[in-house]
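I have placed the structure first, in the form of structure tokens, so that the comments after it can refer back to it.
Lettered A, B, C, D, E, F, G and H in written order, each chain numbered from 1.
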Amino acid sequence: MGETILMKGNEAVAEAAIRGGCRFFFGYPITPQSEVPEYMSRRLHEVGGVFLQAESEVAAINMVYGASGAGARVMTSSSSPGISLKMEGISYIAAAELPCVIVNMVRGGPGLGTIQPAQSDYFQATKGGGHGDYHLIVFAPQSVQEMVDMTIEAFDVADKYRNPVMILADGLIGQMMEPVVFPDGEDRPNTEKPWATVGMGDRAERNIVTSMDLNAEAMEEINWRIQEKYDKITKEMLRYETLDTEDADLILVAYGSSARIALNAMSKARENGYKVGLVRPQTVWPFPYEVIKDLANQAKAFLTVEMSMGQLIEDVKLAAGETPVYHFGRCGGVIHSPAEVYEKIEEILNGGGAAK
Amino acid sequence: MGETILMKGNEAVAEAAIRGGCRFFFGYPITPQSEVPEYMSRRLHEVGGVFLQAESEVAAINMVYGASGAGARVMTSSSSPGISLKMEGISYIAAAELPCVIVNMVRGGPGLGTIQPAQSDYFQATKGGGHGDYHLIVFAPQSVQEMVDMTIEAFDVADKYRNPVMILADGLIGQMMEPVVFPDGEDRPNTEKPWATVGMGDRAERNIVTSMDLNAEAMEEINWRIQEKYDKITKEMLRYETLDTEDADLILVAYGSSARIALNAMSKARENGYKVGLVRPQTVWPFPYEVIKDLANQAKAFLTVEMSMGQLIEDVKLAAGETPVYHFGRCGGVIHSPAEVYEKIEEILNGGGAAK
Amino acid sequence: MTVVFDRPKSLRDVRTHYCPGCLHGVAHRLVAEVIDELGIREIGIGVSPVGCSVLAYNYINTDWQQAAHGRAPAVATGIKRVHPDKFVYTYQGDGDLASIGTAEIVHAAMRNEKISVIFINNGIYGMTGGQMAPTTQIGQKTTTSPFGRSAEHIGYPIRMTEMLAQLEGDNYLARGTLHNAAGIARAKRYIKKAFQYQLDNRGFSMVELISNCPTNWGMHPKESIEYIKEHQLKYYQLGEFKGGEEASK
Amino acid sequence: MTVVFDRPKSLRDVRTHYCPGCLHGVAHRLVAEVIDELGIREIGIGVSPVGCSVLAYNYINTDWQQAAHGRAPAVATGIKRVHPDKFVYTYQGDGDLASIGTAEIVHAAMRNEKISVIFINNGIYGMTGGQMAPTTQIGQKTTTSPFGRSAEHIGYPIRMTEMLAQLEGDNYLARGTLHNAAGIARAKRYIKKAFQYQLDNRGFSMVELISNCPTNWGMHPKESIEYIKEHQLKYYQLGEFKGGEEASK
Amino acid sequence: MAKVLFNEERCKGCELCTMVCPQKIIFMADRINKQGYHPATVEEMDKCTACATCARVCPDVVITVEK
Amino acid sequence: MAKVLFNEERCKGCELCTMVCPQKIIFMADRINKQGYHPATVEEMDKCTACATCARVCPDVVITVEK
Amino acid sequence: MTHEFIMAGFGGQGVMLMGQLMSYAGMFDGKHVSWMPSYGPEMRGGTANCSVVVSDQPVASPVVTEPTCAVVMNAPSLDKFAPTVVPGGCLLINSSLVTADPGRDDVKVFKVPANEIANELGNSRVANMVMLGAVAKATGAVPMERVEEALAKKMPARHKHLLDTNLEALRRGAACVE
Amino acid sequence: MTHEFIMAGFGGQGVMLMGQLMSYAGMFDGKHVSWMPSYGPEMRGGTANCSVVVSDQPVASPVVTEPTCAVVMNAPSLDKFAPTVVPGGCLLINSSLVTADPGRDDVKVFKVPANEIANELGNSRVANMVMLGAVAKATGAVPMERVEEALAKKMPARHKHLLDTNLEALRRGAACVE
């Protein structure tokens, strides 16, 4: 293990990408993630990769498509409005089964909104903001360290499943500095990609990267094949953490930045004798439905803490059965204070409030 | 009531828009909806409106933003990949609270996919494919006639709530001809819009159309205000149809094109003595959760019939509680045959199959 | 005593959020002066971009719409088509207009859309903290061209005005500068002609204005003026490229 | 007996989906011939657009990527940056390149991206059934300009090649035609130069080819040839606009 | 001797080759090919100069020219 | 008599006006305004010609000129 | 009773109009009807087809994949659609252009020399109307008067002078399948 | 114990670095730490601030809104942040540039003539280090040795020759609040 250093989330995710073997980055500036392309513009130069500032987010995601189809480990990064512009491209990448890593440092929306942290792109990330039935594998780191670990892994995962992977974080994790350790050793190697378009050479069959079949039945076949992959991913890639759930009456569900706040509020609640636990999805797709389903038999209620008007809560409700699910959201760039989350916990456990 | 005529769905939606008072259309060609702009290019000329073919879907949705902000009744139309490109713009329109009508004639995805009918943009339409917490009001017509009626109304609804309204249909409804009747009388009048940017004249306060507040607290305020509106819409705008649900053991849930097929299969099932009913959401946002919740007490199971790998089913599950929900999806442009839906019904009622 | 110079009426009397020495302020004032002189405040509808001038609506006293990044010409098109008798203008940065919004500006110009565009070329992305713009000079260091812009890597700076001047149709295209009093006076004449073009229902008009970004150029405002003279003005020729007397000479 | 003319090796021996008389077929053949002559089939990676030529990968025998509508230059950029030693080319229609893909082509050209672009200007959206393109002639009736394109409403046809020729840098830009044998021969020379430009690592190259769409022009193929002569070639000048000998004359 | 060979099943009957043959010897046959088109053909082959103009304008690479 | 008036609280101390005054009479004051900047000022007002060059280059419309 | 048609031929043979008139006739007859074109790139290459449903029931899907009746106006359409007709259904063939054997003995096959009849009527373009007459008669999906009504009402104004020829074409077609 | 700082001043005064060194010092001391800049357009106009948390607990939010300690290097920052300090917290003021009264009697106020001391040390740029020394001492958030360690380890190589001046600055600052 390397030295512990303080690093800004945005720079850490960029450095982690390099360690993950990423050698190509196509992006466009947007607050609060601009340090990602900025860092990449320096570092990729050093390691013999290519950083290119695209003319737009639309161009960037299509450059990613091209580079990935050509066999590269490649990344792009943006924040909410920029990610919306990438929706068509992401759908193409998912359909053509191309591996890549997409970072979304979410900010307050909708519209131009604010540049402060938010989690209101959860549906877009997990249900598919683009057209068609597709899924991204979505990691939701809660700290700079976790972002580093997940990002490094993301490139392997993307290659393994030939699927785009999203790192879903926000301005908070992107902008903050925290202690972080990078693993020792060489950067991860790129994977063999016999399907990549690298020129035919003396290969007999052409490699063709496409997201289309004009024949509906054939397109359905493609969908079924991809769907099988999704089933596999759902089994193999699910990540979550549970904390003090064993005896909990109330279980908080939170991911990313909000999980930090939730944990803090939970500690205070425990100190004050409330039996509170936490489920923290580390992947939000796949989502730990079964975990929540099991806990639903024991807990009296769930409380989702999210920087959104209510998105994560839908996934929790899908699993919670008859157990009530409460929602405490802040939005537009406002971060919960641990104190107000604690108050909400008290309120629920003292019988107040209405489940949403 | 006017004469009954046969009309193609795409042309009917365009004519209906004119009757709804729409005088501005900005769009870009894409199969299977190109007849919408084509029809508009002729008809808007006749009624003194403006048709403009934009350079792209991105430009089109931003022209809609401008025209709506300037007080017009305005529409755009596209199909799946084109709608994905509009995601940023739609989020802006929702955030700036601008009224407009957006048609999505869904085709098989993801990626370039096919041009055949599909319903795989359900999440995008109902949960927000763009960034941030926002909602469109989404009508889901099942016939050319219903598309006409809903489109005419959509313009009033959009103005009333200052919210974008989506007509969510597909290549099937867009391309088919069916008998249709247009209401007699004048086109609907445009609404008073004191907030529109029309030049200050001697107004004391400027009108400013924006989707931004750089202050997070202020942006949260905006979100709360919009959220209140959504609550209101949820109460006032919900539309659905139930058919033979009273005694049903199995309740089909389907919208749009799929509902036609489901109905046909259901008739056959009834003929054969199976107690099958149908819930048909006519708005998919707001969604008839309560209706399904009530029926969940009575029905043994639900079956969603959708041209997708499983999107509508999530909303049904959110309401179905412990009642199992089955899913029968086709995708990539393939339409269910009534016969296979019937078989699925039989299978479920005879105890086979696994709920998803 | 007579007032020789005072704040134009259409410029709202508030403090701007711009950095010290940022010439966005001068451009705003010129627009406001021309609006006053042409008496079009009442029929004016501005469209602000995403960029440092996103808040332009706080300063120029007309109705406004705030557009998505790069899409101001499309938004303005929407407005103008609804109100052909109103005066519609956009105010855009170079990231906004020459990068993400390339298609929108080219096609607004191709359609000869009757809108007026004020295009602030400061060779950088100001608002987001100094990333490279398509207009950035060769060798210029920015946060995303840390070794200086290299032509081999990413080509030469783009001259939007010259490019748009290739399009057919009766439109007005000029490039001015904001770095000194003479330039400012000339820039104002261009702006006035551009606005008049729209009022005369002729067609699309755009004035590119060479500007600065002391903050992200990493310079004192005074140095930024020198940088404009030494670099920007050598690459970006001033003058009227289409529709003006200078152009027709 | 010697073979005077035969199918080029890089053109796959399959029936195309194009309409009778559609000159996409000729363009494909020229590309394949040049690929054969330059011996670059093994290192070739094509990028097809969304448009009638979406299936170009069925015909030209290299590796391929199919790009989103308008984004072929961005996709090609991604590929080329990963494989600077491979030959990367796009094949795009005018809706694709001159409308939705305007920003991508302008910026690929600005960056002097070392890719080659074949740009088929048939003045219409073929695949989607004959809507207006930015290249459609004034007065030409299409399904979205049912009264004929009007300059007042939507401006004059766009000349992409001339526009891109304004950009700085060592790139190759030419316009040829496919409507007769002489034009075809000259077009082939342009294509060869363009491809050579990339192989020589010089820079961006694009050949615009005046083509037809008998189906959506509503004409017999023979009439479409006349239409090209009478309308297209009057508005779109043939020749090399940059980087060629003709241009440097 | 000059010879043009038509891969008739690929011919789409567009007639472009007929426009350009300097010898005016290409005409459309009465028969219909599998695709449903009247294919182009040459009867007075002896007049052919193997100039290959027809082949070069044919969008469907129907024609091979030998000499 | 020529006069320049500085709306000092608006001044951001950019010094652009000092560069252009043909009379070289504008300088930056020692004091700091509420925004935290040293504002521009003129002491030898009698030398001012009311040419308004300073006012025209000021990005913050700090300066009014009278005559 | 539900009649599901596929009507196919070259572009220009008027199969789309044929289908629309059948739908109109059904509508005038109080039936539920739908018409659906094949759309998209496969249109290219000059073939065209449409699906028509005429039914007592609301139409589920307008896309016909297993027609009760296929109408083929040219040879490629025979290859494509003859195999899809449901057993017991019927197949109408434009024998002027299609000589191949349909290879089905489980469906009723009607051969209609539509182009020849049209030529006899002095207007080669009414071959589609000849066929429509035959289809209506052969399937009984709609009474002939309704087809005539549809034709009269829906023929574009600029073709009104051809009404009689068209009506005659319908009758001659019907006569072929008697 | 959780220390939550806001450090604010003009751009160029080195408040960001001050915050980072405080975080490093905490880290070296085995604490949980975070540093967070204010970001975005409000940076414009030349003011800058950052939040620092040093705690025995994992850091919940790195965004400090109610600091236990505010460090104000210029006048506008006093106006903005003095009111936000929690009662009983502390407020360190760069008295070289800030003369106004903080208007709080429920917090500990320390006035540090940071610029003057820096000038005395012959380098006006070390005013931030003077302040950092004072902050460390006044709050006790981290032992002074850790701050020195942070400084020594994290000072950019090109500034290493200034290490002694900086260390001296820390000590002089600490001395101010004794």
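What we mean here is this: contacts are C-beta pairs under 8 Å (C-beta built on N, C-alpha and C of every residue); 3 or more make two chains touch, one makes a residue touch a chain.
Everything numeric in this text was worked out from a predicted model, so none of it was measured.
**Q** Where the contacts of chain F and chain G overlap, which chains show up?
**A** Intersection of chain F and chain G contact lists gives nothing.
**Q** Per the definition at the top, count C-beta pairs in contact and tell me whether E-G or A-D has more.
**A** Of E-G and A-D, it is A-D that has more C-beta pairs in contact.
**Q** Using each chain's Cα centroid, which is most distant from the centroid of chain D?
**A** H
**Q** Could you work out how far the Cα centre of chain D sits from that of chain G, in whole Å?
**A** So the centroids are 41 Å from each other.
**Q** Rounded to the nearest whole Å, what is the centre-to-centre distance of chain D and chain E, using the mean of the C-alpha atoms as each centre?
**A** 26
**Q** Can you compute the centre-to-centre distance for chain E and chain F, using the mean CA position of each chain? Integer Å is fine.
**A** Distance between chain centres: 84 Å.
**Q** Can you give the whole-Å distance between the Cα centres of chain A and chain H?
**A** It comes to 34 Å between the two C-alpha centres.
**Q** Enumerate the residues of chain A that touch no fewer than two other chains.
**A** Residues 31, 52, 55-56, 58, 81, 88, 92, 96, 112, 115-116, 210-212, 214 of chain A each touch two or more of the other chains.
**Q** Spell out, as numbers or ranges, the residues of chain H touching 2 or more other chains.
**A** Expected reply: 40-41, 45-46.
**Q** Chain F: which residues touch two or more other chains?
**A** If we look for residues of chain F contacting two or more partner chains, we find 12, 35.
**Q** For the complex, which residues does chain F have touching chain C?
**A** 1, 3, 9-10, 12-16, 19-20, 35, 37, 50, 52-53, 55-61, 63-67
**Q** For the complex, which residues does chain C have touching chain B?
**A** Spelled out, the residues of chain C in touch with chain B are 41-45, 47, 54, 57, 61-68, 71, 74-83, 86-87, 103-104, 106-107.
**Q** Applying the document's contact rule, which stretches of chain A touch chain D when the two form their complex?
**A** Listed in rising order, the residues of chain A that touch chain D are 24, 26, 50, 52, 54-56, 58-60, 62-72, 74, 88-89, 92, 96, 197-202, 206-212.
**Q** In the complex, go through chain A and note every residue touching chain B.
**A** 58, 80-81, 83-85, 87-88, 91-92, 94-96, 106, 108-116, 118, 120-121, 123-124, 127-134, 210-223, 227, 308-311, 314, 317-318, 321-322, 330-334
**Q** Please give the residue numbers of chain C that touch chain A in the complex, ascending.
**A** Against chain A, chain C makes touches at 50, 54, 66, 68-70, 95, 99-100, 102, 125, 127-129, 131-132, 134, 143-147, 153-154.
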